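Below, chain A partners chain B and then partners chain C, in two separate complexes.
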Partner chain A sequence: MAATASTGMLTRRQVQGKRLRRGARRNLTAYLFLAPALILYLAFVIRPTVELFGLSAFDWNGVNPTREFVGFDNFARLFADPLFWRSLGNNLIFVVLLVAFNVTVGLITASALARAMRGRLIYQLIFFLPVVQASIVTALVWKWIYQPDGLLNNALGAIGLGFLSHGWLGDPNTALPALALAAAWSGFGLSVVIFLAGIQSIDQSLYDSAKMDGANARQMFMNVTVPELRPVITVVFLLEMIGAFQTFDIVWATTRGGPVNSTEVLASFMFKRGFTDAEFGYGASIAVIFMVIVLGAAIISLLLRERNED
Partner chain B sequence: MVSPTPAAQRTTPAMSRFWQRRGGKLMLYTYLTVLALFSLAPLALAWSTAFKTRAQVVSNPYGLPFPPAFENLAEAWTSGRFSQYFMSSLIISLLSVVAMVIVAPLAGYGLARMKFWGRRLVVVVLLIGLTIPITAIILPLYTIMRDLHLLNTYWSVVITHVAVGGPFFAFIMRAFFMRMPEALADAARVDGCSELRVFWNIMLPLVRPGVLTVALLEFLWSWNNLILPLVFLTSENVRTLPVGMLLLTGRFSTDYGLLSAAVLILSLPVVVLFVLFQRNFVEGLASGAVKG
Partner chain C sequence: MKRGTGVNSQHSRRRRVTAVAVVAVASLGLVACSNGGAGESGEKVLNVWYGSEPGQKDALTSLIAQWDEEHPELSVEITAMGPELNPPSLLPALSSGEGPDLWAGNIGSAQSQAFIDAGLVHDLTPAYCDSNWDQTIPDELAAIATSDDKLWAVPNSIESTGMFYRKSIFEKMGLSVPTTWEDFMTVVKKLKDNGYPTPIGAAGQDAWPVTHLLGAMWAGAEGPDGVNQLLFGDGTWTSTGFTEATEEFEKLADDGDFGPDPLSYAYEATNADFYNGVVPMTYTGGFVIPDAQEDAGENFDDIGVFALPTLNGGPIYANESPGEGWYVNANAKQADAAEDLLNYLFFTDENRTKILEGGLVPAGPVDLDQVELPSVLEELLAEQNKYRDNGVVPAFFEVSVPGSIFEAEMTGVQGILAGSTSADELLQTIQSTWETEKQAGNIISSSGAPKC
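Presenting the complex of A and B:
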């Protein structure tokens, strides 16, 4: 090494010591750079995560100085609670609806945008505008659209489909899909731009040779775009899934889980038990299940991403 | 240019493809325009209703607000106390941006440019942090903030924003630093610059677009966030816009003029920033999804 050559006068041991000291100093500098982010992260993300698991083993109202250790009782109660299974089921339906919409519409729209020479930027701007809106804005505007005298029913009436109109969020059969559509409105623009970036990185010669073989637009989409984009589709799929699973704001600001629990999701269920009923231990056990599911999906997505990059 | 087409050529494959393409283009733009209406109509409805009087909301629910009325905005701003909520939101968002713009580049530089013991472990732990949902840890976070006597202070929200967003923005900054040439930094190191000076004087100016992206996205997220101020800030003098809006929907659920004014006040700053810095928003949000 260069260091040994330039310090030829030093003994081997001195060189090693110097290298060690330099290594230690380099480590210290690196950790000083990372310290602000790491300390905040350990204190306000990792610590509450660890505490959450502890909390789930206690019966506690969140205020009392004493808490009663109950072991796995909260989980036993949870698995026997029909409302938990209802919330989990609703959550899964919500995820499926939202992911299906965002992946298909995102993919079709991105390939349309890639072919649209004119106005691509303005369309992209418009599709992305809902993405930057606060979730409370999405919730409020769509709640209004879904009112019995709201925009949706008036529009249905105007095109002769008035018989379909009803209070979309007041009906247990339509409330959950209606909320999924509102969430899709606010999210599909992001999947459009991710897919568009993916499409633009596809080798153009694949399209050229497909065109020479006489393929039409639909065939090129199915035989070139979709297979070439498979890694991106996987990533978007998992990200949308993880995001959709965490839905809280839009439910809390519109239906609060109703009518008759038809829109209760895990996050709102946990929020009610934990804060509204002041059952911190029980709420924590819900949050543990919630986190295990999300982290499981996230770890799968990280592994897939690593594999894609190789 | 108009040239007469011989009848024979109309039936050639080339010609039929031409028409197919014409039809395809029409379908393409019809599809995009319908979807654009789907994106735009809800916002346009709220923004235009914000400028309508109560009578106009009833008589002309979907038309343009003409003449524009400002009574809803005035009411939301004053008796609706949205001026105060606006200030709370602004203070929290600006504090979060300032903190993040310091924390994220430092961490990103450390991750991108330094070799240290435990680096792989740090990366993995931060990657996990990208996915820990804030709603899942809100119960213990609440008790932690209470024990630190930070409830009903802006700091409770700011600290959590920076702690939770830190890993994401650190990875964004890492990607920016990794694209920069190392030669410049090496030259400075040979001249005896400390690592902090290399970072501050040489590398940081090079990644200014990255810092801007971090600032914009952090602003967006802290401005729009609902759950943290909902849980941490219960007294009215520190209430933020999203929470104020949530309460407004409960109390005046059918006063659409007032609600629309609230929507406008909340979304206007973000929309203006988005239109000005579209590239930063789009690339920043998409990079989080693709690169991690």
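Presenting the complex of A and C:
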């Protein structure tokens, strides 16, 4: 049925056109508001990432106006470098220790806090204080704690465990776990706070039902809290994993990757090659592989989680 | 239809919101594209970066402040770089065309050479010749800062190293300063057997301090000719002298002469134990003296120093290396002022004396009779003068080798202290790295001091 302007009725096409134009105007407004953040993201994240990939194909000392194209030579050199594999291995150990501690102990602590009737806020503040502390301060404090005559050895001696006293950062076998503990201490509070928020959003009726069925605290934790918190656990796991991979400050301020490369991680390895040795192209290749590894780990975690939910 | 309701009003509101968004984006773009206006007040500023701590009061800082007062036409801004001689921030600052007008950095490192190769460093040869700096800087020190017959830096903080010891402990033990390696080992054993489980403080956690001891053992075993043959000729790190010295170092570690846990002690902790008399000896250099004056307190005057005897009974050599070089930015807006400041600091007798009294040794001769030196610095310089006729070797190798070599040395030394690396493995690793760097053209070749 044709419509005419004189009657004021619109054809279907005209109505669709109007809807599209209205939608486009709404979208335009939305994109304009998104634009500042998008511009910053493109300028400070995407562009440097693209440049990084490009730089990894060059031999460049960081200041020379000319760069020599070497193709994949930097990557070939990297994969043949035993220190790269050592750093990667150290990083993986660090990630496992840090994530295991912060996720499990963080969850258990948050669960206990959720049941606390008094002082919850105080405990939250105490746990969260290390999170807001500068990482360099954390590193220096723990460097002092781990000294042969430091707080830890003195405390062990005071409780009759002096035989356990050790040069924690001087022993290649204990230096990495010691740093992992220090890093866990500084990030543990964030896990607790996130888990606590998640627990507080769980429907109380689920706990009531479980209680009526005779479940004890442990059973309620395993059968109600953990399943209900699965999405939160995934988020915390990812945050902790990515943070652990990016560890640099605590290593650089304490051991600089020593003793004997036992605490060398990818970030410190990359920093030394790039800045100390003035090998920016090689350092960029390390950064590219680093990014691929972290991204891959994050994607695998998400896929596994989705598969579990299915 | 009431005003403010209905479709027309909604359209109007949406248009206003869109307009606001457009203005916001445009503003962001203008801000991003602007050159900024901070600091463009027209005032001339001389930016100086050097290895100090914020608020540090030392001879150099005081002299720079004096020069600043005498030059009201510009103002000096000092950026404290901390203890790092090649801070990571320097590279992006210089490569972006900004950075300091004048900075103190390492001589001989890959980073410093990269700056020179990239044309970021001002050629100081005209100043060297025209201002008679060549009359002050010894040729062998100028040579370290020279490539392509151009002087790129003014060497400063000439460091010497030695075995620093606590005189009162030696006196208590009835020990005298050893002049042979056998005597030295006798001293070490007696200290260890009499209540000093760490006869030699090693600071293994930081690694670099104990590389100075190993470097001294290398230099003593090879002598000036052997060291020069390695650094500038076709010598190898696996030669007899290097091998014997490293094996002896390994023996010191295996025998526990660095204490039961050398890798757990950092530089500051080792020095603190030395000042407190827990550790009777530590191998270190003149660079420790300014801090020691404050940190050792009343024990400062109890600190003595002796030259490390050589392994093979050969002559003891003087040792010297420039702790830093002062560079001028090729893009410096105040290059003339920077050169004038360098002249003021390092080439006037009065100020050279003040720097020396502050515990740092400027390059070239200083009239010691006019100077009241810290006692241990006097002893250190006296030891160098005593053995200078035998020849001069580097105080530390890291100023003459690429960073990768020094990194391999530090890792290897920690491995020896941990018992996981042998002397042979350390030297093989260094030699292999050296060959790689040579092939890449990263071994610095000296063309000697510039010819005026």
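Assume the second predicted complex is superposed on the first by the 254 of 310 C-alpha atoms of A that agree within 3 Å, B and C clash if a C-alpha of one lies under 4 Å from a C-alpha of the other, contacts with A are read in each partner's own complex, and residues count from 1 in each chain.
Keep in mind that, in the parts below, a contact is a pair of C-beta atoms (placed from the backbone, for glycine too) under 8 Å apart; a residue touches a chain by one contact, two chains touch by 3 or more.
On a predicted model such as this, the values are computed, not experimentally measured, just so you know.
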Chain B versus chain C as contact partner of A:125, first or second or both or neither: first
Partner chain(s) touched by A:62 [first = chain B, second = chain C, both, neither]: both
Touched partner set for A:148, first chain B, second chain C, both or neither: second
Which superposed partner A:172 touches (first chain B, second chain C, both, neither): second
Of chain C and chain B, partner touching more chain A residues: B
Partner chain in contact with A:277 - chain B first, chain C second, else both or neither: second
Touched partner set for A:33, first chain B, second chain C, both or neither: both
Partner chain in contact with A:258 - chain B first, chain C second, else both or neither: second
Where chain A meets both chain C and chain B, residue numbers: 26, 29, 33, 36, 43, 62, 143, 271, 275
Complex interface listing, chain C residues touching chain A: 14, 17-18, 21-22, 24-25, 28-29, 32, 86, 88, 91-92, 94-95, 110-111, 114-115, 117-120, 204-207, 261-266, 269, 402-404, 407, 410-411, 414-415, 417-418, 420-421
Residues of chain A that touch chain C when the two form their complex: 25-26, 28-29, 32-33, 35-36, 39, 43, 61-65, 143, 147-148, 167-172, 255-256, 258-261, 271-272, 275-278
List of chain A residues in touch with chain B within their complex: 26-27, 29-31, 33-34, 36-38, 40-41, 43-49, 51-52, 55, 62, 105, 108-109, 112-113, 115-116, 119, 123-137, 139-145, 151, 154, 185, 189-190, 193-194, 197, 216-217, 232, 235-236, 239, 242, 246, 248-249, 252-253, 267, 270-271, 274-275, 280, 283-284, 287-288, 290-291, 294-295, 298, 302, 305
Chain A-touching residues of chain B, taken from the complex the two chains share: 20, 24, 28-29, 31-32, 35-36, 38-43, 45-46, 61-62, 102-104, 106-107, 109-111, 114-117, 119, 122, 125-133, 135-144, 159-160, 162-164, 166-167, 170, 195-196, 199, 220, 223-224, 226-227, 231, 241-242, 245-246, 249, 256, 259, 262-263, 266-267, 270-271, 274-275, 278, 281-282, 285-286, 289-290, 292
